[in-house]
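Two complexes, one shared chain (chain A), two partners (chain B, chain C).
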Partner chain A sequence: MPKFLFASALEKDAATFFSRLHPTTMLIALGCMVVIIFSTLNFLALVGILAFLFLIVVFDGMPKQSTFTVLLVVIPLCVFITLIQALTDPNQIIARFDLFGMGILVSQEGIFLGLSITLRVALMALTMTMFFTVVHPVKLTRALYDMGMPFKFAYTFVLALRFLPLILDELATINNAQKSRGYDIDRVNPAIKVLKMFPLTIPLILGALKRADTIALAMDLKAFDAYPKRTFFIALQKGSADTVVRAVSVVAMVFFVVVTFQGIL
Partner chain B sequence: MSLIELENVSFRYSGTSRMILEDVSFSIEEGEFVAVFGEGKSTLLMCLCGAIPHLLPGKFSGHVRVDGMDTETHKIAEISRKVGVVLQDPENQLFNLTVEGDVVFGMENLQVPPEDMEARMVDALQTVRMSDFRRRMSHELSGGQKQRAAIASVLAMESKILVMDEPTRELDPMGTEEVFEVLGRLKQQGKTIVIVENDPEHLAPLADKMVLLRDGHLELVAEPREFYRRIKDDKRIRFPQVTQLYFQLEEKMGLGSKVPLTLEEGVELFSRV
Partner chain C sequence: MSTAALAKEKKPRFTVPLAKMSLKAWPGRTDTKGIVSSLMISLVMIGILQFGERLDTLLTGGLFPVSGRVISITMIGLGTMLYGVVGGLIVSEINPLIATATGTSPIAPFFFLTNACQVLSAYITGKIFDNVITWKATITNGVLATVFLVLVYIPMHVLYFHMPVEKMVSLYAMQSLFSLTVPAILLRILLKVVRDAGFVEE
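Moving on, here comes the complex of A and B:
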């Protein structure tokens, strides 16, 4: 189970500054951060944003290991992107070498562009992880509902988080059952492992469809989505910190967009 | 008027020609604990909670009235205020991340005012002895705890009737014991319970009435001692072991007419011989 997705918000019960904020505030901050990340490809600016996010994680008391784990996940993708950019960009060639009779050119501009794109991917991953680490999924559902999203759509996120561990457990059970019959996917190379996974997904999908039917029945029997309005046990509160964070987020976003379009960054 | 009334209820699922229920009529009084056996028992429960005819496709005829409400003419949400349902697999009935979220889920759907929810949740969790688990993640609970949380989520909706479809089928003996302990407490509180279950040792002492369905027809409705006596040669129904022993020795030893349902009753009866 990818526990880092919501561990902090649930287990520490709103123990950090950001997890105490209204989910709508966090959605605004997230939106602004996404715009900022996509507004520039300046390498130094992106490094600065990364350093800023590091400071937030450290000083807000978010679980560092689980939050930063996501960076390890995107490293292979980042290396791949940088390599492709370095070898395909025709500008500012800094090295040439011969590989199987082919002339390979390495571009400095390509390396920086690749690293910038890489940083952008890493920043997006880190920002989303931080968001889901501090925002309680149920509060997020409530906020989305308050913003006008139909509850059955807003609730999908909670439902997915609830049943993800169950589906992973079922996959492990199917895997173990097949192992006991000599079908071992764990001690083969990764490419073959992917191919050998396909037969395992069939019982998993069939089981999930059957379970989905029962879950839908059980939810209907509890009057899910039966009335246009519903009440909520959890109350959302907005304080002065929300106003400050919203204002800072919007000002920062406007600043970044303006300086980027003026060519300063 | 009875709390639950079935009148000439018939049903067959879409795409099949076999009648699962045919002309079934009986009634259940308020506060009764009723166990249902035989073929079509789960379908019967689905009729009681309105899933048939509203959610499960098929051909339905007859009338089911719960607390004066005809299940065919009322919406499932209205019926859910009267009838709470607990299904076999607790995993499929806990949709939220925490126990607290699941217990309030039905109340939120039914538009219960937020200020009333806390008291109802505390009551429900106390009844199933899950107060300490309120903030626990649902997927971290044991099977028995999950089923008790599912029962609490139904109790919090304050429905008069509790319908349970093999609630211990997926549970280990410890989990089964926990669920039946809760059911005993609910019976004492006067809750009307209709249950399909295959555990005669636990069921027999609790049941006020037992219902047997055969080939879609209602074959027998009787109180447990009478029920077991009337079907004592039916190998398809499991008996409490002490009841089975009684029927095997009844004539040889002249054990009297009171059929024992529990070990205590058996010990008392056999020690007198």
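Moving on, here comes the complex of A and C:
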């Protein structure tokens, strides 16, 4: 599992322009960006958006390596989608060959469509990753609470980030314990790995449920969610930058949608 | 009392939410223990998915997940049956949040919808059966989840990935073959283990 991206937000809180913004502003910007990405399949337009996101990452001082890791994950998907589109699209055939007696046709249009779809997937993944890189989880919880979500549900995301390393550590410990008994999941045939995971899964689930009992008791003892109205240590304030980012996001989204529907892109 | 009535009375009832069967499946168990326990099941799912998703990503780039789907139907089914719909939603929605935040899967944003379908299938199964710790119930859950997932995946593949769905039937069939059978077995075993470990309460 890659290093948690939010760590940068925790370590350098308020150090970048986007991490200083109100989480609601970032949610609006994220929503607008998703609509923009979905509105077009034009390869050049998508390359332009990718370049824009690159510039934001570089100039805002986001951790480049961990932010762009997501693009590496897209590579197998890119190969698969492009291959399928290239082999199934009937237009603009650029090559044909025989494979086990079957005639295989390769389409140029399919290759470009596959690359455009991959680029769209990569942009979606990059946008989401950038959002979680700059938005502090505690601030996000606060914003969700302000938007009307019950605190105990809004808080689960923070809790998940807090306890995930613990569970992963426990999984590694159980895995090592099983290996020492001669049961090495890493050497199991990958095709049947899921079926062979019980020696890891069952102790992990039972341990996690036992741990949950203790955690819930500790939280209840500290009066978690005991009062309908709660106060917060972290204050969220909207500034003029928030207004500007919101306005620019909405205008850009409307512009892209209109331009796409008019057939310019 | 007739013998049939006596037999019916003695038949064990294990209703959703299993962690507190006096509650209704909707919203289920929403106290601190219910929420934290659902969260823990969700984290366990994320941990186990690390092993399962590798193969899916390698073979199809994660577009036709097989291991991932088996694990998610099993774990989300377990969470929903143990803690009800809200617990199930916590199990199902934390995974895409974490996967998106850590950049582990490019199609993670779609898991919000596909995982929610599996909560629905477990909820419907709980409505149909008085005892969910049975083969019939877990097989029904697997069938419903598979049907819902195919119904959600096809539009996603067409609209978002422009896939030629008519040429992908064999891939859907292979995926469905696994998700119809394997999660039913795994879920039945897990539910029995959790019940025997004392996490099922009246």
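FYI, the second predicted complex is superposed on the first by the 249 of 265 C-alpha atoms of A that agree within 3 Å, B and C clash if a C-alpha of one lies under 4 Å from a C-alpha of the other, contacts with A are read in each partner's own complex, and residues count from 1 in each chain.
Criterion: a contact is a pair of C-beta atoms (placed from the backbone, for glycine too) under 8 Å apart; a residue touches a chain by one contact, two chains touch by 3 or more.
In this text, all values refer to a predicted model and were calculated from it rather than measured experimentally.
Undergrad: For A:M149, is the partner it touches chain B (first), chain C (second), both, or none of the two (neither)?
TA: neither
Undergrad: Considering only touches as defined above, state whether A:K193 meets chain B (first), chain C (second), both or neither.
TA: After superposition on chain A, A:K193 lies in contact with chain C alone.
Undergrad: Of chain B and chain C, which one contacts the greater number of residues in chain A?
TA: Of chain B and chain C, the partner in contact with more residues of chain A is C.
Undergrad: Identify the partner contact of A:R211: answer first if only chain B is touched, second if only chain C is, both if each is, neither if none is.
TA: The answer is both, since A:R211 touches chain B and chain C.
Undergrad: With the two complexes superposed on chain A, say which partner A:A241 touches: chain B (first), chain C (second), both, or neither.
TA: Touch partners of A:A241: none, neither chain B nor chain C.
Undergrad: Just checking: does A:V79 make contact with chain B only, chain C only, both, or neither of them? Give me first, second, both or neither.
TA: second
Undergrad: Applying the touch criterion given at the start, work out whether A:V259 contacts chain B, chain C, both or neither, answering first, second, both or neither.
TA: Neither: A:V259 stays clear of chain B and chain C.
Undergrad: Give one of first, second, both or neither to describe whether A:L159 is in contact with chain B, with chain C, with both, or with none.
TA: both
Undergrad: Is A:D220 in contact with chain B, with chain C, with both, or with neither (first, second, both, neither)?
TA: Both: A:D220 reaches chain B and chain C.
Undergrad: So chain A touches chain B in one structure and chain C in the other; where do those two contact lists coincide?
TA: Shared contact residues on chain A: 1, 6, 159, 161, 211, 215, 217, 219-220, 224-225.
Undergrad: Of all residues in chain B, which touch chain A in the complex?
TA: 49-51, 54-56, 75-77, 80-81, 85, 87, 89, 91-98, 100-101, 104-114, 117-118, 121, 135, 137-139, 153-154, 157
Undergrad: In the complex of these two chains, what residues of chain C are touching chain A?
TA: 30-33, 35-37, 39-44, 46-48, 50-52, 54-55, 57-58, 60-63, 67, 70-71, 78, 86, 90, 94, 97-98, 100-109, 160-164, 167-168, 182, 186, 189-190, 193-194, 197, 199
Undergrad: Please output the residues of chain A touching chain C within their complex, sorted ascending.
TA: On the chain A side, the touching residues are 1-2, 4-6, 41, 66-67, 69-70, 73-74, 76-81, 84-85, 88, 113, 117, 120-122, 124-125, 128-129, 132, 152-153, 156-157, 159-161, 163-164, 167-168, 171, 185, 190-191, 193-195, 197-198, 200-202, 204-206, 208-209, 211-213, 215-217, 219-220, 224-225.
Undergrad: Over in the complex, which chain A residues touch chain B? Could you list them?
TA: Result: residues 1, 6, 10, 13, 137-138, 158-159, 161-162, 165-166, 211, 214-215, 217-227, 229-233, 235 of chain A touch chain B.
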